[in-house]
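Chain lettering (A, B and C) follows the sequence in which the chains are written, and residue indices restart at 1 in each chain.
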């Protein structure tokens, strides 16, 4: 077995009396798309927060590419190639689409203590940003203000922001949230294309998308991972069916 | 060419031309008051420009920005009082002290957000204000007279009022230009990104704290320089320079002119300070036909109009005058 | 030793006055998410109205009660006319809008009551001293302030924790939409809460009136101190405001009382006399800075906020 790119061991977080994640173990192998599913309140959001560094775990360890990143700051994790998208669109709404993505490029091209030159005329920032926008299907929308884009476009831009940091691994927090049927199809196609070149941890509610894309699936319930395996195994797992798919099973 | 010919740009051009001609007008008419008033306006416009960098572009609502006027001013006053009159010594010390203070305050206050940030910047300003009040050796509450303006080598002579005015004017234009360069640079985009969505900035890999801190220091330093000029202009420093209402005035200038706009703080400073002079006259003019000689008394209470005016600007002209001028073009 | 005890009582009294101001501020901030700089103006208005009504009725208590009611009305009127449009705006708008109101009220006070300060005479029965200990006679009026403020603090606690209005206040603080969905008239609730805050500020102002001169701008420094109190105590927390207010009151008063003597050990007595008040004023801000560094959410943050 190859060494995992992302290695989570015994990750625990309590909020008051509630244990939001309870000894989570998870390993994501290089090149795989690993989906995390679970009912609301299962602790998926807390898990994402701990992986990105926004929430400090009470116990446990997060390893990324052989390095212990458990206590690393948010920005430092991004610098090491671990990029996350946001469930609720989190963009620079008073900037244009191109400015948004160019900032993500800028974050990974040296420090930004440059006070004089016009950053909007730097080809080294603008060109990769344009390419990334084209890649997610937003070519021709570069100069549109984010605040006047549609929700579907916001979701595409979310992905572009993540890709522009040239990551080794993506943490995607419900990229399908709120998308219409057509937009969903497009998003699944985009994620499928990304899957061939990047390792992805996908937290998602949309089961169609998960089973269409995932190489492996982990199921979280009440802060614990109750099962981990290939989609077919998960589908067949009795515990999962009971805890999570129970309702459909009973009908 | 026509892209430049907008109402806003015309107003800015006229304003700059007017400011450049104030000494000429003053010399021709012998109106010294106008010169004094506009020297003050130019200096405070510079302070407002520096505040705009953190408040408008950086989203850092500092409610203690006038403290740098005080630090810059007191550095000059104290050094002059101790017999050090050379501007070559005074100015670097004053500017350095402002930068250092901004570094300390910024390092602490930028750890907090929202109302906490507003109040901690206010509290630090109060701290220095009371420190000034306690400076017994340097006039305490009553302030300190400056017997001589900063001494530079020939041909620079700050006691020459025309020269001093143009010096301030050039520094104002330079600080507006510098701010404009900064906000469009890589650094400036980081600052604006952090205003818009700090969480996202960190997620894409920016250690935003240090960028915001450096921005805070730049603004404090620039305002410290304005304090240096103000002390030289009034030839007097006192704790009142950094009273909390002065910080409020600076915020008013920035918002009134238009936050996060290049010339907004200048427009705001001119508007506010000219209004302070004109409003009493205006009230008298309007009130005289109605209440007769009581109008002179009524004019003393011009702030009763000014206060609600701020509220109206907040409610109905959020983009300030700059925003109004820009929207004129769309009609 | 007696002197220390006396100064502690003075500190307690000042702290309780700060609490009355801070309680209103923190309620208004916690529930309406509103920064109100004009809160100090209501303190001033309370003092001026007390001066007016005490002179008019010739009786301190009756005048004070009328002034209190009038301040409540002024507060509610202010909320409807000027504060309501600011809800939901960002804090900068609040700061700027209410800064304008501070200028307005200062000028209004100058227009109505003139530029000179006013004095509120104490009735004879309050203008005495109570022997607390042998050798320590403490002014009756200051004791009355302490008792009144403690009683108000208790009432406030009962109001917020035990009554239907308090339940609405707490519901409004923790979940605005839900309170709206439950059919609570949010607009009315806000007006009442603002009026309550105004009355508390007015009470602080009118109780302070006989001790200090009633003058323009009297609310400003004390307002900034009240802000320091709610920052130290944790924004939105009444309990935090209470404890922090007493802490600030004690630090300020005891600093003012004893710093001169301490400083005399290291400098001339004249120097010490001028530096000490400034230093004790600074001390409170230093305490606040330290608190914010150690606990950026204040000492007693509201759970779940």
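Everything that follows uses one rule, which is that a contact is a pair of C-beta atoms (placed from the backbone, for glycine too) under 8 Å apart; a residue touches a chain by one contact, two chains touch by 3 or more.
Everything numeric in this text was worked out from a predicted model, so none of it was measured.
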item	value
Centrality ranking, top chain (CA atoms only)	B
Leading chain pair when contacts are tallied as C-beta pairs	B-C
Between chain A and chain B, centroid-to-centroid distance (C-alpha), Å	44
Distance from the mean Cα position of chain C to that of chain B, given in whole angstrom	31
Computed distance of Cα centres, chain C from chain A, in Å	49
Interfacial residue positions of chain A with respect to chain B in the complex	52, 54, 73-76, 78-79, 83-84, 86, 90-95, 99, 102-104, 106-108, 112-120, 122, 161, 164-165
Touching residues (chain side chain C, partner chain B) in the complex	29, 35, 82, 85-86, 89, 91-93, 95-97, 99-108, 110-111, 220, 224, 227-228, 231, 235, 270-271, 274-279, 281-282, 285-286, 288-289, 292-293, 296-297
Chain C-touching residues of chain B, taken from the complex the two chains share	55, 61, 63, 108-109, 111-112, 114-116, 118-120, 122-124, 126-127, 130-131, 133-136, 140, 244-245, 248, 251-252, 255, 301, 303-304, 306-311, 313-315, 318
Residues of chain B touching chain A in the complex	181-182, 184-190, 192-193, 196-197, 199-208, 211, 214
